[in-house]
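One chain, chain A, links the two complexes that follow: it is found with chain B in the first and with chain C in the second.
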Partner chain A sequence: MSIITIKNLSYQYPISESDALKDVSVTIERGKLYALVGANGGGKTTLCNVIRGFIPHFYKGDLRGEVLIEGKDIREWGMGELSQKVGYVFQNPFTQISGVKDNVFEEIAFGLENLGMEPGLIREKVDQVIRMLEIDYLRDKNPFELSGGQKQRVALASIIVMEPDVLVIDEPTSQLDPKGTEEVFKIIELMKNKGKTIILVEHKIELIAEYADYIILLNEGEVAMQGSTREILTDERALTFGAALPQYSLFGMEMRRRGMDLGSIPLTEKEAIEAVKTWMKKGVNA
Partner chain B sequence: MNNERSMLSRLYPTTKFMITIALCLAAFIVPGYGFSYAVLPICMVLAYFAGSFKEFSNLAIKALLMIVVFIFILQSFFYPGHDILWSWGIFSIKREGVEFALFLTSKIVAVASAFILFFRITKVKDLVHSLEQIGLPSKVTYVILSTLQLIPEMKKLTLVIMDAQKTRGVETEGKLLVRMKAFLPTLSPLILGSVASTEERVLTLESRAFSANVKKSSIYTLEKTKYDRLVQILLIVLLAILIVWRVAL
Partner chain C sequence: MSFLTLTNASFAYPNGYKAVDRVNMSFNKGESVAIVGQNGAGKTTTVKMMNGLLKPSEGDVVIDGWNTRDYTTAQISRKVGYVFQNPDDQIFHNDVYSEIEFGPRKLGLPEEQVKANVMKAAELAGVVPFLKDNPYNLPYSMRKFVTIASVIAMDSSVIILDEPTAGQDLPAMERLANLIETLNQEGKTIITITHDMEFVVNNFHRVIVMANRQVIADDDKRAIFWNLDVLERAMLKQPHISRLGYSLGIGHNILAIPELADELAKHK
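And now, the complex of A and B:
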């Protein structure tokens, strides 16, 4: 069953001349991980803002077309209501701190406090999330004094604790080091296994190849391609729309071009090794 | 002082505020300036029991000494009067002026030290929490708290910007004029950056359901203890006695 349906969506920012999104139609299925890819300025963040309801509730501008979240139009959802339905984590770890809490535990609890949940229950839930994300050692620290990676994980925890069905995660790792990236992706995988619907904007295409179920490729505000991860990442046309391909599929394509077809185009390191092994065996036998 | 907080600092913020108000009122009820000046040592003793004697004394004396000295000089020389105590050329100290200065400074010392004491022994977090309990909107308390937390952050950011401008060849050290010239290239990115990050701060708050239309709860709790009651009653009784004594006088 689809949880989000977008039909013929166009959007223009208040002071801009042209549409940031042009005739976008996308269906998001429950429990799947969707990766939004494409060059900068392609409309990825704008689409995230629409799904989270910041457009049209916070940014004005001209929104045309249909955006249904669980069958209800985005314009009819209230901002407060939506926060329990769609969680939003974005790029900059430094501004995703409420700024009024002096320890991580209360920082994570902030969202639930705003929902007026009973304090005992809040403590229980925050404890749970802290244990799940393995950030217990940060518990009593001041959120302002964390590193970028730690802040990003606290930001994720603060959203996850509110238990939204959909997580919109906009370039969570672009300001992080490899270790921070790995830890953030561990959390994303954990959420996927919990059955959350995830919409992820990310440039690290190798990670997308590993985690995403579907890919939506945006180019200049239009959906250039969409389909399963394998379908998109083994298609050379993706390159012309400003997307990157994993080095393993580029390798597979290059081999094919030189007349050394591997049989399939690999996506991940594991698949590439497999494919090369079988290909070499074939070569020996022939 | 940290975990084992003293009894005084464990009082509820409103009770602490009542102490401050009581001290101020008392300073105005009791005639003369002796008692008003005595409020400062009283506050020092209270600060000692709250475990912040040194900070309080430092701050209070530094802040008040300048004001008191200036008022004394200005009032004793320029207050209109006839009873000249000492004169030098066209300047003369008048008795009326000295009396007025004593009156004025004693009240200032009393009120100021009572308030400094309050802010020394009350954590902002506690104060804001109790204000919220009274019914102040959470938007207002958010502004108070976030401003206080952002000031040290802005300081750090200023240093980063100054370093960045230095690498671009802006001189930030040296004579006064050089420093003044560096002011604009340092401040404008700071202010513009803060404005820009406001947008993301709003998104953060919205993501955390800040504008949800329900009554917010809080996992941070402050308990009113029996001591609060005791102190409040004590204060009211003392004030009543003072008033009766003053009227009977």
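And now, the complex of A and C:
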């Protein structure tokens, strides 16, 4: 069942002379992870801004076509109401952290406080999220004293605690080191297993290959390709639209070019190991 | 002859926190070197000592015969340029051209030379179409290229790039690779901090690994990426293709796709 339906969406920013999104049609199924990929300036963040209602409610501009969240047009959703349906995690956790709270526990509680939730219930929910994300050791720290990876996990926690059905996560790992990246992806996987619908902008294509169900490839404001992760990331054309392909797919393609076809194009490390092992056995038998 | 040398260089912040502990490194002219390691390992503090933004609290940093203790950052910036990790820490002009022009102009170069430096830097960094724009109207990834151009325009012998690959897309990665190669061929020393191991494999030979405020390895990339003990201590992983080679138990020094394919061809 689809939770978000976008039909023939075009959008132009207020002082811009051309469309940032051109005739975009996308259907987002509930409980799936969609990765938005493609070169910067292709419209990924703009599409995120439409889905979280910042376009048209905050940015204004010229929005054409249809954007339905649970069947209701984005123009009819109130921002307060939508913020509980669609949670948004910023690229830079500095942008997100409120700056008005002195510890992590209160920072995570901030959103629920603004909803006017009863304090006992807030404490319960914040505790729950802190346990779930395994960040209990951070609870009394000042949000600004955390490392980048820790900050990003607190930023995620402060959105997850609001229990939105849809999580829009814009380049959560671009400023993180490998360890921080891994921790953020653990949380994303956890949310996926909880049945959340996730829309993720991310450049680290090997991680997308591992976690995403579907890929939407945007190029110059248009949907250049969309489909299952396997379909898109084993298709060399993606490169011509400015998207990267996983090392494992590129390896499979190279093998094919050299007449050593593995039988399939692997997407992940695990698949590549399997494919090569099978190929080597065949080689020995032949 | 080494152009830039750190000898037992340590740095402690005023609150007593030691961010770098007795680091030794030296770089020749025309070298390109990657520095890798987790955040907090001391990478940025180390490179900030290389252009005098930070002065070592113990030990020495000597550039082309100058001990950084005896010179100002402004003087050192003729020899070593540093591109900040966060472009917003660096940019302070209202248009891209003025931003790039600031450095060479402060060097007191003749007008035509300033112009030539700016245009060459802007072209290498791919920011020519945005010269009249306000840098803050550009996306983060493009602002990073503005700051890179500003440092290239100084025409220093050493250029340090602090996490240039963060948040960059495929075309930007290609532009970075091309820019590093071009500057290298001109005889400049390029030192790059990055978390992207594939980028290291494709663009560098020598790799320095930092962990816990110290250098734990300094070697050819092949030696580094197949030294699992060092990688583990730095909490780093092998590049994807090396990992694949390792898991399959084939080849003990594979770094890239063509090498893996070559190795497999032997098994055919």
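Heads up, the rule we're going with is that the second predicted complex is superposed on the first by the 286 of 286 C-alpha atoms of A that agree within 3 Å, B and C clash if a C-alpha of one lies under 4 Å from a C-alpha of the other, contacts with A are read in each partner's own complex, and residues count from 1 in each chain.
Note that in this section contacts are C-beta pairs under 8 Å (C-beta built on N, C-alpha and C of every residue); 3 or more make two chains touch, one makes a residue touch a chain.
For clarity, every value in this text was computed on a predicted model and none was experimentally measured.
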First (chain B), second (chain C), both or neither touched by A:G41: second
Contacts of A:E106 with chain B and chain C, given as first, second, both or neither: first
Contacts of A:F54 with chain B and chain C, given as first, second, both or neither: first
Partner chain(s) touched by A:E254 [first = chain B, second = chain C, both, neither]: second
Which of chain B and chain C A:K277 touches, first, second, both or neither: second
Intersection of chain A interface sets (partners chain B, chain C): none
Residue ranges of chain B in contact with chain A within the complex: 125, 142, 145-146, 149-150, 152-153, 197, 200-221
Of all residues in chain C, those that touch chain A in their complex: 38-40, 139-142, 166-172, 195, 198, 235-237, 239-241, 243-244, 247-248, 257-258, 260-261, 264-265, 267-268
Residues of chain A touching chain B in the complex: 52, 54, 58, 78-81, 83-84, 87-90, 92, 94-100, 102, 106, 109-119, 122-123, 126, 144, 158-159, 162
Of all residues in chain A, those that touch chain C in their complex: 38-41, 91, 147-149, 171, 174-181, 203, 206, 239, 242-244, 246-248, 250-251, 254-255, 258, 260, 269, 272-273, 276-277, 279-280, 283
